[in-house]
Amino acid sequence: MAQVDLSQVRKSFDRTEVLKGIDLSVAHGEFVSLVGASGCGKSTLLRVIAGLEPLSQGDVVIDGRNVNGISPSERDLAMVFQSYALYPHLSVFDNIAVPLRMRRLNLLQRAPLLRWLMPGTQTTEHEIRRDVERVAKLLAITELLARKPGQLSGGQRQRVAVGRAIVREPKAFLFDEPLSNLDAKLRVHMRAEIAQLHRELGATFIYVTHDQAEAMTMSDRVAVMMDGGLLQVAPPAEIYNDPQDLRVAEFIGSPKINVIDLIASGDGTVGLNGSHVRINAKSPPGQRVKLAFRPEVARLIEPVAGGVCGRVTHVENLGPDIFVHISAAGSASPIIVRTEPRGWRARVGDNVGLEIPPGRALLFAGNGRRLQGAV
Amino acid sequence: MSDAVLQIAGIVPPQEVPAPQGLRPAAHRSDRARIAAAYALSAPALLLMLVLVIAPLFTVVVLAFTDYQLGERTLRFVGLANFRTLASAAVFWKALGNTAVYVLVVVPGSVALGLAAAMLIEGGTRLKAFYRTVMFLPIMATLIAMAIVWEFMLHPTFGLVNLALEAVGLRGRNWLQDGDTALYVLAVIGIWQQFGFNMVLFLAGLLSIPRHLYEAAAIDGARSGWDRFCLVTWPMLGPITLFVAVISTIRAFQIFDTVQALTRGGPNKATEVLLYSMYAEAFEFFRTGYAAAIAVVFIVLVTMLTLIKTNLLERRVHY
Amino acid sequence: MHARNSILGFLRHTVLALITVFVLTPFLWMVSTSLKPPNEILTSELHWWPRQFHGYQNYWDAFTTLPLGRYLLNGAIVTAAIFSLQVLIALPAAYALAKLKFWGRDVAFALVLFCILIPFHAIAVPLFIQLHMLGLLNSYAALVLPFSMSAFGIFLMRQFFMTVPDDLVDAARLDGMSEIGIVWRIMLPTAIPALTAFGIFSVVSHWNDYFWPLIAISDDKLFTPPLGVVAFRNDDAGNNYGPLMAAATIIIAPLVIAFLLAQRRFIEGIAFTGMK
């Protein structure tokens, strides 16, 4: 297993800069997710690490070795593709065996009929068989070894793709949105399996996804990307509770975090629930600030003068949670508050107030950067 | 009172609801009109199919069993006589053999050249459209006109080929008049004319190979072009290659133009091919019945090949 | 690695260039000869560019020795007529096969598929006899009629029409359109891409057809371009290569120029129909 270091990685396609100076260190055995909306550059970054795209500037260092300019086949990495990229004409066994055969057999030992006449082929093939069967057992696909990819379900193909990756014991594993093609239930199941796999192998995983739930549930650290740059790299809890950028806060968490526009008052505070919250002096009076809070943080109360209030426009009953949509001044989209199924139920048209514990609210400057505030 | 109530009361027996059927009888006027229109719309085509294809097919098979000569007023049924004559005619077997040789040279040649050209064109980034256009030209250019150009190029004294050979010190031959070379020369012309078509089909095939397979191969350790070819390109192109081979075979079988215009089957039947035999028998010797027998042989062979092709087309989606 | 790429790139261009030379040589030789005077043609010296430009003379001879212009016109008339008839007959039938339900439809479609299997060369003799009996040999009708029904065209169009949503047809019916109206006013416009592909295929194969005109036509006023150029060669004393090459150039020019102007369409058209 290896450490992967990216320093000031830049990548441009023609004149468009797609990666704008990425610095990232993935520790040995760590599971890091690259997450972001479509087009943010996460897949490109993964491909640059794999060597499938040359970078324009910067360095990729794997296990202490600078791999710039080294072809993918020499980097000793494994990759699981979104489309799985299984060889359709080969059986599952042969698919998983490909990387081993490429590495351990020379050209003549791989030649179609000639190979069985070459010395050493038999022994190596035995070893290969042993390794493939071991991996198949680990992934519970032993009974599929004779089938072709066309005869497998989506989940099974995914396991074969993973098997092909782990059979080589590479320095690091790269995953390019491997669960995107699966249905929702299977995705949830596979998330747990991949996390389990990571624990068993203790390997370095770099995982690209646009689904923030995947990133949050599986990773040691989450790297949020947008527009070719890294916004924040931190463990999931920190990303969720302590986002350093409004865009990170908005991307992570479902339903989306609520944002209210406020104006800073003259004495360096912001009005909130009638009390004042002291904010960083960097925000001059009259400056726009954004107050953000998660749906589960706020509480519905009777409307209070001077506090945040609004009208209920929609109520979603999900069973264990009820999400109340409130149209309020200062927020362009409805504020969503999570309430318990028991107790007082809000109804569409009610006027309600919001109680937001200041300690759990997040303040952001007009440009999206996080401000520290205290009551 | 409604029927339903009366039914419950037991007074009126329940109506029988007609069971849904697959094809309802055309009860409505619009349905009937539509069906009438369907017949009207397809009638011309069907009629012409019968007249222009089915009837002639039937006729040619029947004629094969007669001694009909074009221009005669009567004909006699002679059973298998034509076929027996065919089987014992050295010329027929020579024609069949020549056609086979021609096919065996042209098909591998044009398929391999088409594949090589397609891979070379796709293998790089520069001038793709230019090469593709150039190599497709021979298909557009009227074969018979270009055949005449080739004939002049192969002229023993003034032709480009011999002039070029002599320029490098080799001796030129009388390509089209020499029994040893004539058929192979025609085959070269055939390859020249056909490979562009195969190339285009291969290009489409190459473009349909998912790029991710090549990337997976690279990550799996396929270092050289040869590795990539063996692991991804060739297996993925397999079905298309077979398909292209069969189409090429069908086309090669139908060789006629170059033989009729350049060699007339000569010298000494060295380039006598199946269709030329049929043509000569029918339109130069007017032995129509005999020509029909040759046509029947031709039909059988080509139909077999076409059926193989259709079969392959169905199974092409087997991945 | 860059060096290796450059070497491979160089090899690629070399091999492609060699193939290009193989492909283009006949064309270049043809044009080159068409511009040379006889003494430069009938020589054992190999050179490409004429020392004495004789082009005007050769091309003039080509057009005047035999009515080449007439042959080209015949080619245009015949291919246009064939294609028009093919569309006229195939489109309604394809529509009926694709969109209408009627008894015998599957049999009819099977018939279409069967007809595609039959090679034209094999039924040429009976067709010849048919036309002979009708007294239609040696006429434009002889050149056009046998090809007026294209089973391949019907098949192609039917496959295409199957992909047109039924809703479109139903909407037209609700608007009161007759079935034949639907064919020409709804189906035809949507089928333009497929028709273009088929048109290219039809025009190219019938412009270049040598076999059928050879046996069906003896009157040189009706010669199509392929017959024309062969007639030219046969007529010649055998050594008039300049005008002969000029004639060949003229004959292939229309299609080649059309191809160069619309390469993508042509290639797609031929490949698309070839795949089917």
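As written, the chain order gives the labels A, B and C, with residue 1 at the start of each chain.
The rule is simple: a residue touches a chain if its C-beta (ideal position, glycine included) is under 8 Å from a C-beta of that chain, and two chains touch if they have at least 3 such contacts.
None of the values given here were measured: they were computed from a predicted structure.
Each step here moves to a touching chain, and the least such steps from chain A to chain C number 2. Farthest chain from chain B, judged by C-alpha centroids: A. With centres taken as mean CA coordinates, the chain nearest to the overall protein centre is B. By C-beta pair count, the most extensively touching chains are B-C. Averaged C-alpha coordinates give centres for chain A and chain C that are 57 Å from one another.
Separating the centre of chain B from that of chain C, both taken as means of CA atoms, is a distance of 16 Å. Put simply, the C-alpha centre of chain A and that of chain B have 53 angstrom between them.
Touching of two or more other chains is recorded for residues 71 of chain A.
Residue ranges of chain B in contact with chain C, taken from their complex: 23, 33-35, 37-42, 44-46, 48-49, 51-57, 59-60, 63, 70, 113, 116-117, 120-121, 123-124, 126-127, 129, 131-146, 148-153, 157-158, 160, 163-164, 166-167, 192, 196-197, 200-201, 204, 225, 247, 250, 254, 256-257, 260-261, 275, 278-279, 282-283, 288, 291-292, 295-296, 298-299, 302-303, 306-307. Partner chain B is touched in their complex by these residues of chain C: 8-9, 12-13, 15-16, 19-20, 22-27, 29-30, 33, 41-46, 89-90, 92-93, 95-97, 100-103, 105, 108, 111-112, 115, 117-119, 121-130, 132, 145-146, 148-149, 151, 154, 178-180, 183, 204, 207-208, 210-211, 214-215, 225-226, 229-230, 233, 241, 244-245, 247-248, 251-252, 255-256, 259-260, 263, 266-267, 270-271, 274-275. Considering their complex, residues 50-52, 71-74, 77-79, 81-83, 85-90, 98-99, 102-103, 107, 110, 150, 164, 168 of chain A touch chain B. Taken in their complex, chain B has these residues touching chain A: 210, 212-213, 215-223, 226-227, 230-232, 235-236, 238, 318-319.
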